[in-house]
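Read from first to last, the chains carry the letters A, B, C and D; within each, the first residue is number 1.
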Amino acid sequence: MSTFLLIIISGLGLGSLYFLLAAGLSVIFGLMRVLSFAHGAFLSASGFASWMVLRSFETPSTPQLLLALVVSVLTGGAVAYLAEVLLVRPLKGKELEQLLVTVGLGMVLVALMAGIWGPDEHLIPRPVWLTDTTSIAGAPISNSRLLLIGLAGVVVVGIHLILSRTRYGLIIRAGVENSAMVSALGINVKRAFTLVFVAGGMLAGLGGGLAGTYYGGISPFLGDGMLIFSFIVLIIGGLGSINGALIASVVLGVSQSVANYYVLNGIGDVLVVVLLVATLLVRPQGLLGQKERLI
Amino acid sequence: MTAERVYGDAGPGLGGSILSVRDLHAYVGQSHILQGVSFATRPAQVTAILGRNGVGKTSTLRSVLGLMNHTGVIEFDGRQISSLETHEIIRLGLAYVPEDRDVFHGLTVAENLRLAERRGLAPDYDRVFELFPELRNRRGQRAGTMSGGQQQMLSLARALLHDNRLMLVDEPTKGLAPRLVSEFVATLEQITAHTSVLLVEQNLAVARRLADHVIVLSEGRVVLDGAAEDVLADDSSIRRLLGVAADHEEG
Amino acid sequence: MTRSGALRYGAAGLLVVVLAVLPFVHRSVGGLLPGPINSPGSLQVLALMLVAAAAAITLDLMFGYTGLMSFGHSLYVGFGCYATVILSNNPKLGFALGVPLAMVLSVVVALVGNAAALRLTGIGFIMATLAMAQGFAIAVERGFLGSGGEVGVTFARGVLPDPLRGVLNTRNVYWLALALVVVVYVICALLVRTHVGHVWQGIRENPLRTKVIGYNVYAYQMAAATISCTLAAMCGVVFAIVMGGANPGIAGLHYSLAVVLMVVLGGRGVLWGAALGAVLYQFLNLRLPSLSSSDIVTGLPEILQIPLSQPNFLLGVAFILIILFMPGGLASIFTRLTRRATSKRAGEPRDDDGGVPATTREPNLVS
Amino acid sequence: MTAAPANEVLPGSVALSGRAVNLVIDGHHILVDVSVDVAAGEFLAIIGPNGAGKTSLINVLSVATPPTSGKVHLHGRDVTGLPPHRVARSGLGRTFQTSNLFLGRSLLENARLAANGRDSRLRTGFRRVLKDDPVTERAREALDLVGLGRRPDRLASELSHGERRKLELAMVLAQGANVILLDEPMAGVSVDDVPELVELIRRVHREQGKTTVMVEHHMHVVLDLAERIGVMHHGAMIAIGPPDEIIANDVVQTAYMGEPL
């Protein structure tokens, strides 16, 4: 029983990482119709940023960890900002080209990281309490999982509050329906695009910082591996639906971990793809997606 | 129609036109939708753009608003605006009531209105709810669940939240039941007493009732431009240019 | 046959002949190849470039001609490659039965994979193809079904037929790769000239309209995708022979993106453009690392060395620049030049010659 | 046209009919209990104010949009809910309010795709397209008929608005449709081109014997061509009959004009 709980929590942690990427991608897609392939690289870059902060400490303190997280969030945001302004915006209205340009950017960033820091994983030092476990119902749960799940929960609540309570949330929800009409009400939609893209980058950045604590290390290719699972989350949840992405993240993370542990290591990753194919055949628009979204 | 009209806020000299368009060209895909449209609105008046389907009426409005690629000169209040972005143009004091209403279906009435609030200006909710008391009761309702007429009210209400120099109104009566049309026209009449309006309309009767100044478009060009009573009096050309609507008013 | 047509066939024939005699040329070409042209190392590099060209042509059939942007081509190339090695290594089957069986299975995979992915269109299709390919990549990396995990699998001793085995026979392998390109190119070039090929191009331009004039768009898309993916699996078979085995490099996201990049680099909707892009890509990818350790580069300051040692950095930058400034790819330079030349010569629009395929026209993909 | 009609059509029989068609989208009742029969060889025009549901009716009749309730019959066969390509093959062709063409392809290629649609089979489809195959011939004939046959290798995107309308007609003809639905064929056509296009539509209807349903705003075009006129208002068919009857109908007058203001 306690093992089972351990696996579930571990799966939730994994799902949290997927969600951090998928949530940003989902809002970006909803508002701008852009699918960013560069967000995996944003995640890796932010992971390296947190590694730069933490590598000099043997066992960093909690404030130092927080600093590293802040730095990785800011790194993700900054890289995303440059990407939006320099590459995505000039190709406005050309969906395929925008997608391809993010593919190119992802390649360039990963190659750059591999060139500077080498292709191998770099260990990220963690505060002692993070490597400890907390006993929940008899199961020794790693604190890094709990931190990840907790922060992902904060992000979920935060996104919902922003979308439902703030003016920017209003603009985003309206822009998803018809961004031209939003600008015809006197609102600078271009700036909203940039903000959303940057916010997505910051979420990837947070994911990068946390992935370091989850896996204990960072490599240039970490983000791309996670990006694909986030894409699967997006399709299963329904493109453009945050709640769909949340549900799909949890389902995927947990079932992946359970299958990997109980059936065969690695089979969970394949199972996820089987789930994807099944979703496509039964309900192509995803759990909470709208049909016309995909056309 | 009332002779004296005042700007919502003190405009420039009443003699000049608030919006003037010269040699406007626009393409949709490969087809040349606007082929050199030129006109100027008269101050404190309702200018109606008439013409058959597909002659470029909506494209003219969308070009003015920067929602469509175009070439030519568009001046608002003496200022060249064709290089500005849509939101910048709107903030100069324009409001847009689009064809097909285009309210945000997933948002509530209150949220639709809140979105139309402009930074630094106080929204005039009293005026809006006075004109459309029904909207006050439906504040929490999702716009997508309302009827066409109610959505049209909301669309208009969004434009009335602030005082504007010019309102661009695209086919406000399209698809409304006859009873609603007359109601709506009455409301519009109230509004036009305070604001200049550039109105696109298919319904000739509505145009007759509201417009002071009429521009008739045909095949992407202005073919008639003059005081409403003069232009609309010329039955033969109106019938030719507007097709069906005029035919039927005849019969 | 028109004059320009004859010219084109002549040039293509000449190119094939030149490529075919390369294994007899004992010359060095600077540092471009690892050794003289006919050295086994050089021939293997050339063979890999040819296989890449063939794979890019197959993707262009579905992407450039039918408007189906697949980010999962590695699934099919990889499957063909792995299936060939694993099945041939089975003593009961051997190479002679292993290859045909691998191709049969590839057709099945292509049918099932595309039937699922084509439930979505546009970006959804892209993501679905990508995700399915990734499923395969994971399976391969984890070593399921005897795929050998991260090291991959090689042909067991004595499995490959003698003429294709060993360093001395690299030229035979090279010729096999050349034959692959020719076969794939000819098949695709003929296909796009058929009725079905024309319908594909109609779908690329306007799927709704195609449906309304009486075509089962889904069936036609299935046909294009299945043919494309089956041919891609064939490229995988030859890849396995060239490399003497299969490795996860051919199954991953990176390879899928690489094929897309080749097609976009060269010019979508132009078969030879895709091949050109692939040759260029594969050359840079294989040769840049060794070039970057040459004296010219090591003499540079470190800040320049890092990017230059990473082929993907340069390729990615080139890719971004092409997308931003030359959406038609490299082929568009040529088509623009030839168009200018023909319009000058003729002075008026070309005569109709029976619905020429769109190979010379600007592709129009996203509508 | 050399193309044989897809289905044997008996004169006087009902070619196309909508039965109690309702269409509700997002809670809006777009079509309300519309029933309409179009006899084989007939020319029916549908008029009505903007937003009355005319285009929606065309969409439902051409099975592009499935109705919320009600049935569509083509030559007596229930085609409700069938995929559009199957219905197109049974002889139904349509044009769109805004030209819907393969803009990057030549005129001949546009017509060819249409001509080949009906007997397209993947099996026979893998034959090379030739200058003189029957399909291409049919496409050329259709282009000739609408007067676009002179330079068939132009790209569709190079055409003027009026010419695009003609190309759409050519595609419907090449398709071998025996029932054609025209959605505002005069929309965006310059005044000078209207008479020629009207003449063309008349020829198509009379000489080719095509059953035609047309939505159109130009009243004189409607009166010129239609044998019967249906009037739509608020999603309902409020009157249908011969032109003179419709002109004289009071209900129609009020509906069209709204209440007197």
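One rule holds in what follows: a contact is a pair of C-beta atoms (placed from the backbone, for glycine too) under 8 Å apart; a residue touches a chain by one contact, two chains touch by 3 or more.
Here the structure is a predicted model, which is why all the values come from computation and not from measurement.
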Quick check: more C-beta contact pairs at A-C or at A-B? A-C
Which chain's centre, taken as the mean of its Cα atoms, is farthest from the centre of subunit C? B
Rounded to the nearest whole Å, what is the centre-to-centre distance of subunit A and subunit D, using the mean of the C-alpha atoms as each centre? 49
Cα centroid separation between subunit B and subunit C, in whole Å? 54
Cα centre of subunit A to Cα centre of subunit C, whole Å, reads 32
Rounded Å distance between subunit A and subunit B, as computed from the means of their C-alpha atoms: 44
Subunit A: which residues touch two or more other chains? none
If I count partner chains per residue in subunit D, which residues reach a count of at least 2? 103
Which pairs of chains touch, using the document's own definition: A-B, A-C, B-D, C-D
Considering the complex alone, what residue numbers of subunit A touch subunit B? 167, 170-171, 173-174, 176-178, 180-190
For subunit C, which residues count as touching subunit A in their complex? 69, 116-117, 119-124, 126-128, 130-132, 134-136, 138-139, 141-144, 253, 257, 260-261, 264, 306-307, 309-313, 315-317, 319-320, 323-324, 327, 365-366
Which bits of subunit B are touching subunit A when the two form their complex? 65, 67, 85-87, 90-91, 96, 98, 102, 104-107, 111-112, 114-116, 118, 158
Going by the contact rule at the top, pick out the subunit D residues touching subunit B in the complex. 26-28, 47, 49-52, 98-99, 103, 157-159, 161, 164, 184, 187-188, 190-191, 217-220, 234, 247, 253-261
Please name which positions on subunit D make contact with subunit C in the complex. 62, 64, 83-86, 88-89, 93-94, 100-106, 108-109, 112-114, 116-118, 120, 122, 124-132, 135-136, 151-154, 171, 175
